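Heads up, the next two complexes both have chain A, just with different partners, chain B and then chain C.
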Partner chain A sequence: MIRLLAALFACLTVSVVLVVAIINRSLPEGNLPAQVAERLPETGVSHAVTAVLLDFRSYDTLLEVAVLLVAVVVAMALREAQPDGPDRMGLANPLLRAVVSWLLPLMLLVAAYLLWAGSSMPGGAFQAGAVLAAAGVLLRLAGVGFNWMEHPMRLRVVLAAGLAVFVAVGTGCLIAGRAFLDYPPKFAGSLILFIECAVTLSIALALVSLLQLAPPQEDGPLLPERRRRFRK
Partner chain B sequence: MMGWFDLVLGLMLCATAICVLASRDLFRAIVMFIVFGLLMALVWVRLEAPDIALAEAAIGAGLTGVLLLDTLGYLRRRFTAAVKEEKP
Partner chain C sequence: MSVAAFYAWIGVGLCVLGLFGFIMHRHLVRRLLAFNIMGSGSFLLLVGLAQDDRGVDPVPQAMVLTGIVVAVASTALALVVFRRWFRVSGESILPEDV
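Now for the complex of A and B:
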């Protein structure tokens, strides 16, 4: 009873504080959408959200990409402590494989389109990366192994590529005598697309690795091609 | 018309959130979490934020759901293994 009352009291207090905070919140000064629209031509992209994410507030996006990379590094470290075993993820279901083989080209196309569309309409690196990662996860669930992901150096290079390219472009701006990540207006559009391409690949691989780094299953099908590979 | 849709959407969002938190069955909670993510994507569309809607549908509903289901499978396997060890 006392615990219930304490919980109720805590809930009520938090609710009251939240309501007061919402009522007394300070509105952002000035008309932000108008400010963004005014400076949009300098960014080389015509979609306001992409301009904010990769130009006006690119530092935030840079750190987001870094957070994702750190998450994968932690997952890798945790995986080291788990016992090793053959890869048994996925179902040996021919129907699933057939559907995936139909879906996969479509998903790759959608990912490429989202990446390209990001500069002028909703889309961009995170969405394209997520669709690409979903394609990878479907492949894994259909029992397709990713041999190339077991090559540690290759995997790490692609994982870090997004952050590396982002930082390299930012540093390049410094060398060119501008502020960090302050792209020269002439190349801003192509630089943003370049960064987005690298970030898309890294995000997709990071999300797939989170699934790939799960501890090996003891049950589940041991598909013939993998059995051969594990014995070797 | 759209106001009613928004109201129903908001209520369903709250209902699925409560289902996720209150469900004793973890599998059911994960499925409700995926439903919650898809409804949330619809809410983002209604708030005229299609960028976030895309990311929410793909990451919030899709990939997080897969990762949670994978974790649940792992935990269940560990649990059954532990039970077997106790009763030889």
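Now for the complex of A and C:
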């Protein structure tokens, strides 16, 4: 009862504050879209969102890639030692296998297209990485193991590649006498594409390994017992 | 009311709904879902408010894109931690929770 009252009170307060804040918000003085469009030629890409992500506010994107890496590192640290045994994640479903073998080339194609399209229309590293990760998850569920991912060093290198390339390019800008992550206009377009390629791979692998690092537990409690425990 | 403002109001609704669920439920996975609904609400709010008749401001859009990836990462991390907690304690709620 107290919980309900507290929840209602909190919701009422937050909604009133939000509504008042939205109604009385101060509108931006300048024409923001025009300001972005004005500086767009300096970035080497022609799509505004990609330009913001990887040029104007590249610090945000750099730290975002770092956040994803930290999540995977923590998941690795919390991972239990899994006994070697039969793969418990794959579903023994022939239909899934058949569908995956049809879908996989298409998903790879879409991922590559999204990566390439990012410079001139909606798309980019994160979308491509998500599609690639979905392909990886489907493969994993169909029971296809990634043998090369078992190699710990290789996995870590690809996971860190996105962040490493990003920082390396930023430092390269420093060495060239510019600010950190301030690309020279001449190479900006190709540098952004280069960063995006590495980031795509890292994001996809990070998302897949977050799934991979929490495999189903064979000796975990069964569902009825869990339910009983929760009701208690 | 423009379509963009409509999205912003829907975002406010989702935020409040998520907050309500977050306080009301004790099960950790339900809390995580409520947290994600709140996050979606704030993304809608940001994107909805960042456009007017002069066009769309790409900066909040890029920030929401960043936010979505961070939300996915934090959700996955929370699930890993919850599973670990369930494994060591057998509980799906936190003991400090009243």
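Please note the rule applied: the second predicted complex is superposed on the first by the 200 of 232 C-alpha atoms of A that agree within 3 Å, B and C clash if a C-alpha of one lies under 4 Å from a C-alpha of the other, contacts with A are read in each partner's own complex, and residues count from 1 in each chain.
We take it that a residue touches a chain if its C-beta (ideal position, glycine included) is under 8 Å from a C-beta of that chain, and two chains touch if they have at least 3 such contacts.
A quick note: this is a predicted structure, and the numbers were derived from the prediction, not measured.
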Partner chain in contact with A:Ala51 - chain B first, chain C second, else both or neither: second
Chain B versus chain C as contact partner of A:Glu29, first or second or both or neither: neither
Most chain A residues touched (candidates chain B, chain C): C
Contacts of A:Val137 with chain B and chain C, given as first, second, both or neither: first
Chain B versus chain C as contact partner of A:Leu207, first or second or both or neither: both
First, second, both or neither for A:Phe126, with chain B first and chain C second: both
Overlap of the chain B and chain C footprints on chain A, listed as residue numbers: 49, 126, 207, 210-211, 214, 217
In the complex, chain B residues that touch chain A: 50-51, 53-55, 58-59, 62-63, 66-67, 70-71, 73-74, 77, 81
Sites on chain A touched by chain C in the complex: 3-4, 6-8, 10-11, 14-15, 18-19, 22, 25, 27-28, 31-34, 36, 48-49, 51-53, 56-57, 60-61, 64, 67-68, 71, 74-75, 78, 80, 126, 203, 206-207, 210-211, 213-214, 217, 220-221, 226, 229-230
Of all residues in chain A, those that touch chain B in their complex: 49, 114, 122-124, 126-127, 130-131, 133-134, 137, 141, 207, 210-211, 214-215, 217-219
Complex contact set, residues of chain C against chain A: 8-9, 12, 15-16, 19-20, 23-24, 27, 45, 49, 52, 54-59, 61-63, 65-66, 68-70, 72-74, 76-77, 79-81, 83-84, 87, 90-93, 98
